[in-house]
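Listed below are the structures to be examined.
First chain A sits with chain B, and in the next complex the same chain sits with chain C.
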Partner chain A sequence: MSTTYARKTWDREGRRLGRGLMALPALILALVVFAPLVYSIVLALYNWQITQINQGKPFVGLQNFAKLFTDPKVLSAVGNTLLYVVGSVGVELVLGFIIAAALFELTKGRKLANSLILLPMIIAPVITALIWRYMFDPQFGLISQVLSFFGVKGGVDFLGSSQLALSSLMIVDIWQWTPFVILILHAGMLGISEEQFEAARIDGAGRVRILRSIVIPGIAPQILLVLLFRTMDTYRIFDTVYVLTRGGPGGATETIGLYTYQTGFSFFNMGYAMALSVFILVTIAIISTFYLRLLRRRSVFA
Partner chain B sequence: MFATQHKRSWAVIAAVALSAGALMLTSCTSTAGGSAAGADPNAAPKSAGGPYGTFPGEKLTLSRWAGDPWTSGQTQAAKDWSSSTGGKLTLAAVPYENLHDKQALSLSSGSDYDIVYVHPSWFGEFAKAGYLAPIDKYLADPKRNPTGFSAASYLPNVLAQGKYNGTQYCLPDFVSTIVVGYRTDLFAAAGLAAPKTVSDVLADAAKLNSKGGTAGIVMPGKATGAVADVFGSLLTAQGNWWYNAAGTKNTLDSTAATNALDFYTSAAKYAPTGVLNMAVDDAATVAAQGKAAIVVDTTPSLSALEDPAKSSTVGKWGYVPLAFDASKPGGELIYWNWCISSNSKSKDAAYSFLQYYTDTAQQAKVALAAATLGATKSFYEDKAVTSKLPFLPAVNAALSNSNPQPSLASWPAIQNAIETSVQQAIQGSKTNAQAVTDMQTALAALGK
Partner chain C sequence: MTSHTLNAHDVPEVSARPVTQKKRRDAWVIGCYVVIGVFLVWVLVPVLTVLVNSFKTPSAIFTSTPQLAFAPTLANYAKVFGGLDFTHFLLNSLIVGLGSTALSLFLGVPFAYSLARLPVPGREWWARLILFSRMVPAVALVVPMFVIFQQLHLTGSYLALILAHTSFNLPIVIWMMRSFFEELPPELEEAAMVDGAGRFGAFWRIALPLTTPGMAATAVLCIIFSWNEFLFALVLSGQDTQTVPVGVSSFIGSVSIDWGGSSAAAIVAIIPIFILGLGAQRFLVRGLTFGGVKG
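And then the complex of A and B:
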């Protein structure tokens, strides 16, 4: 009886201590994460032009949010962003899966291959963009120089043509972030038990069948995780576009992230920029919720 | 009762005495012009071309954007000024993106800055808010300036940009504009004369296009501000501009805008691959490497053509201003303003530096290091500069008829709309007429 009482007291005190210890991190989290978020939502309700110093910030209610739905640039920027997300993430996933599967099959030099593959991911995105700027340059760039050996004279207009510019930006993203996909998927593949493969081989399954029936279902949570991270990242793309095209030519590569930056820091319309930021946040939250639900079904986060 | 009155009288006498003492103390530490004790703002320079005045112990802070070679060049100028005058001038350089906010916050709170480097697009805002001190009396005072130096020493059209409601607030520098560079060797080989008008430029570009692996012409096409600058120069050369002088009414003339756009879209046909992703430096590099026969660009970028470290075509360039009518060249005026904060307690010392830094000797140093130009008339006659930057006569001609960027807070947004329209017209996704209409719509909608 006394033992049960002591245990209950211990549990109660433990819970109290736990709550007490959580208070400070919760407060820091609220200050660091939620306070700026709430502040940005509040600012989105004002017409705040940061260049009009002495004119205050008139309260405009939901006017900035209403403008989102009538601003043709938002529609065009969201369209470009979605194309960029689908193109980049789609190719990264397929390419990443193929390379991860090849690495999985590799018996020698896997560590070295892994290290080499990860190199692009280590480079800062702005530096990556600068490297590709000179790769894509139609006058002096490496790609145009190589193409000239095959008779393509005058260079290819990778970044100055509205037909090629967005695809060229996708290539940069694919080059830099496919290693991330490889890393995650390869780790997932290594987690599948060897017995499953042995059983499949004994049953006479070929490589394709093993991939389809064992590997893909086995790494489904990792695939969803990769999709979640890469979709969020590519939806917010800014640095590569800013360095390479500034949204041009003619708005062909203007993404919602770039438009938000320009609205705030080039056009100085901070209230509207905050509304755009909230819009990005909400859309990313919707997409993330979709992926997280799928992940929960896979019992990863259940 | 008498005792109380007696006490009050003593209190009044004490208060008056204290006030008088305070006033005397103030007069000892500060003059009407804004100098500390021991300062002599009228002192002649210690050496020829040096700064006026002595300001021992005065500490000044100068706000500007960070970027070399300008910041390091000015740091040296500040050191020279400090050692000559006994004052201490410190630079507070921040990235351009943060400069406006930093200055606005600092000036509105009445602290920190004595000298501010003000962009034309926010000069009107600062002058209206009362953040800047008038400098007319300094400019007119012969004791504060070298012999013969006055407001008349500056290019009138450029100096006028530092005026607000008839009062002079700032002195200009960092001057540039758009001019045309052409390859004299290629023109001579093809038997072509120097182009005088934009029609000549287009005709020559067509003739020289693809000859010997060169494009006919190159100009900036990326939406970084330079496309609007070139377009603005083309408007100025036709006597038209985006807004009226007060900046309150859209004055973009459809015919002038269509002419300017026709030039841009026609020139793009003879431009190298990738012109729509070329910023000013990219266009200059293409020209410097011999890949274009004609270049239309801003003057700091054009200096690359004459730099042996960057150019394989040094000495092969001639320069002319942009003109539709050869007798009326024009160009957009690009510049920055040096202003004194109205809160500054060292206005005399601040003016001493402004005069020293914007005068020809210091500006020649800046020009030789960074190819941005001064605003004094004598600068354009300085042989050391003209020999290194042979486009100066073309710039001088263009600046005789020039317009500065509109001093509107919304100008960056309008500029972006203009540049997007030009790019779309070049790509053919918009007709020239539609692009001009879109520009006018943006000017009217955003220019409030």
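And then the complex of A and C:
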């Protein structure tokens, strides 16, 4: 009797404490995340040139959103962004899988290799850009020096050429984020039970067969997770593009994130910039909902 | 392929197999070491190049033939801590990083405990909302945030940057700490109930001390994310509150980039974060995947 009574007060007290502990954090989260989002949706309905203070901001309804679908720069920015997403994430996934599988076979030095592999992904993207700005330098950069050793004289202007600039940015992304893919896929491989490998070996399965029939299905949730996070993060890419090319040469590396930034802070067209922000948010929500559906089916993020 | 069952006929075959298999295994493992080795070269060479450059004089950097032998100089580091305002950037990064980490932990830990342990209505709904807020891209937040902070006359203040960084650190704290609280055996808190400690006592005196290592790892992750963040800092900082990435970006863009100085600056920015990262290595995967992979 007395224990059920204690249970009841315990639960009641828990509900009250929960309300108390959650109120302030929920308020702050609403202020820093949801208020700006709502605000951007509202302001996207106005034509607001921040430079023309006296003109005020006339209400234009959905005009900014209509403009978004006819703006050729949006089309090319989305195209560049998608190319960047598919190219970077594709290479990162394949390369990451190969390295993770190799790492999985190591008996000695696995820990050391893990610690060193970590390095690129904890460096700030801006610092990464600085490092690669030097690597790509047509005169003094390491890549051009190595190329000239093989007979390609004069240096290649990776970031200044409209054919090479976007691929060069992808190389930076691949350098920085393949380690992330490796760590996650490797963690997934460590989670596969030893009995499964044992059973396959007794069945006489070769290494490639084991990779295909046991490892890949075993880490399917991790592969999906990597795809979710890398797709989201490459879609919103800003830092390295801003620092290395500013969208140039001739718009060859203008991504949707950079275009939004420039609309707001270079052209001061705040209303249109808000519409672009909403566009990014909605497209990311669609992409991630698709992945999350697949993931929840495999009970990640349950 | 038929499955083998062990019987008398298989015995000689089984005893013969390990030799060839071992040889094949060795070749495969050596191949794996080579693959890892090549990959490590690819990962480390860009960083090492910058490290070496940071000890070179300008004339030693700007040669078309690379030299390995050069007279090392500390002049670049002297410049970084002397003329470039870099110490100011470091201090700003530290203030913003520690501020947003402290705020996120103060708010996020109790919230995470409530989601993990307390009978709150709509727990799943909350969890999904937090996950969604991690997915909101900074690009979508920065424009409205700039306008809001401008109207509140907060742009250029530390508070603006700390609040902006809390928008991504708070969801991380909540998800990380929720998983740490869920891993605690519930019996410990039930024992506290029997002892008459009360709900808050169970959280404050039992759950909280037991998750200190998790909290430390979470704090390290928050500091790293804040230290590396660029877009919010670029838009919301003022002349006096520029963080390291903003400061560094300003000298990458310039035509006459000072390679020695910026290399030294890069190394100074990397070292503390690499040490912290190694310390939290075990939890890095969990933090970066938002608890999706326990690692």
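Please note the rule applied: the second predicted complex is superposed on the first by the 272 of 302 C-alpha atoms of A that agree within 3 Å, B and C clash if a C-alpha of one lies under 4 Å from a C-alpha of the other, contacts with A are read in each partner's own complex, and residues count from 1 in each chain.
One rule holds for everything that comes next: contacts are C-beta pairs under 8 Å (C-beta built on N, C-alpha and C of every residue); 3 or more make two chains touch, one makes a residue touch a chain.
Everything quoted here is computed from the prediction, not taken from an experiment.
Q: Of the partners chain B and chain C, which touch A:Val86 in the superposed model: first, second, both, neither?
A: Touch status of A:Val86: no partner.
Q: So, A:Phe229: does it touch chain B (first), chain C (second), both, or neither?
A: second
Q: For A:Ala129 in the superposed arrangement: first (chain B), second (chain C), both or neither?
A: After superposition on chain A, A:Ala129 lies in contact with chain C alone.
Q: Could you tell me if A:Ala66 is touching chain B, chain C, both of them or neither one (first, second, both, neither)?
A: neither
Q: Looking at A:Gln262, would you say it contacts chain B, chain C, both, or neither? Reply first, second, both or neither.
A: A:Gln262: touches chain B, not chain C.
Q: Using the touch criterion from the header, give the chain among chain B and chain C with more contacted residues in chain A.
A: Counting residues of chain A touched by each partner, the higher count goes to C.
Q: In the overlay, answer first, second, both or neither for which of chain B and chain C A:Gln139 touches.
A: both
Q: First (chain B), second (chain C), both or neither: which does A:Asp157 touch?
A: After superposing on A, A:Asp157 lies in contact with chain B but is clear of chain C.
Q: After the superposition on A, what does A:Arg207 contact: first (chain B), second (chain C), both or neither?
A: In the superposed model, A:Arg207 contacts chain C only, not chain B.
Q: Which partner does A:Pro249 reach: the first (chain B), the second (chain C), both, or neither?
A: Only chain B; A:Pro249 stays clear of chain C.
Q: Which chain A residues contact chain B in one complex and chain C in the other?
A: On chain A, the overlap between the chain B and chain C contacts is residues 139-140, 244, 246, 265.
Q: Quick check: in the complex, which residue numbers of chain B touch chain A?
A: Interface residues on the chain B side: 97, 100-101, 104, 108, 122, 125, 129, 221-224, 272-278, 285-286, 289, 291, 409-410, 412-413, 416, 419-420, 423-424, 426-427, 429-430.
Q: Within the complex, which stretch of chain A touches chain C?
A: Those residues of chain A that touch chain C are 6, 10-11, 13-19, 21-22, 24-26, 28-29, 31-37, 39-40, 43, 98-99, 101-103, 105-107, 109, 113-127, 129-135, 139-140, 142, 145, 148, 175, 179-180, 183-184, 187-188, 202-205, 207, 222, 225, 229, 232, 235-236, 238-239, 242-244, 246, 256-257, 260-261, 264-265, 270, 273-274, 277-278, 280-281, 284-285, 288, 295, 300-301.
Q: State the interface residues of chain A toward chain B in the complex, per the touch definition above.
A: 49-54, 137-140, 154-162, 165, 244-251, 262, 265-269
Q: How about chain C: which of its residues touch chain A in the complex?
A: By the definition above, chain C touches chain A via 1, 3-4, 28-29, 31-33, 35-36, 39-40, 42-47, 49-50, 53, 61-66, 103, 107-108, 110-111, 113-114, 117-121, 126, 130-133, 135-148, 163-164, 166-167, 170-171, 174, 193-194, 198-200, 203, 224, 227-231, 234-235, 244-246, 248-249, 252-253, 257, 259, 262-263, 266, 269-270, 273-274, 277-278, 281, 284-285, 288-289, 291-295.
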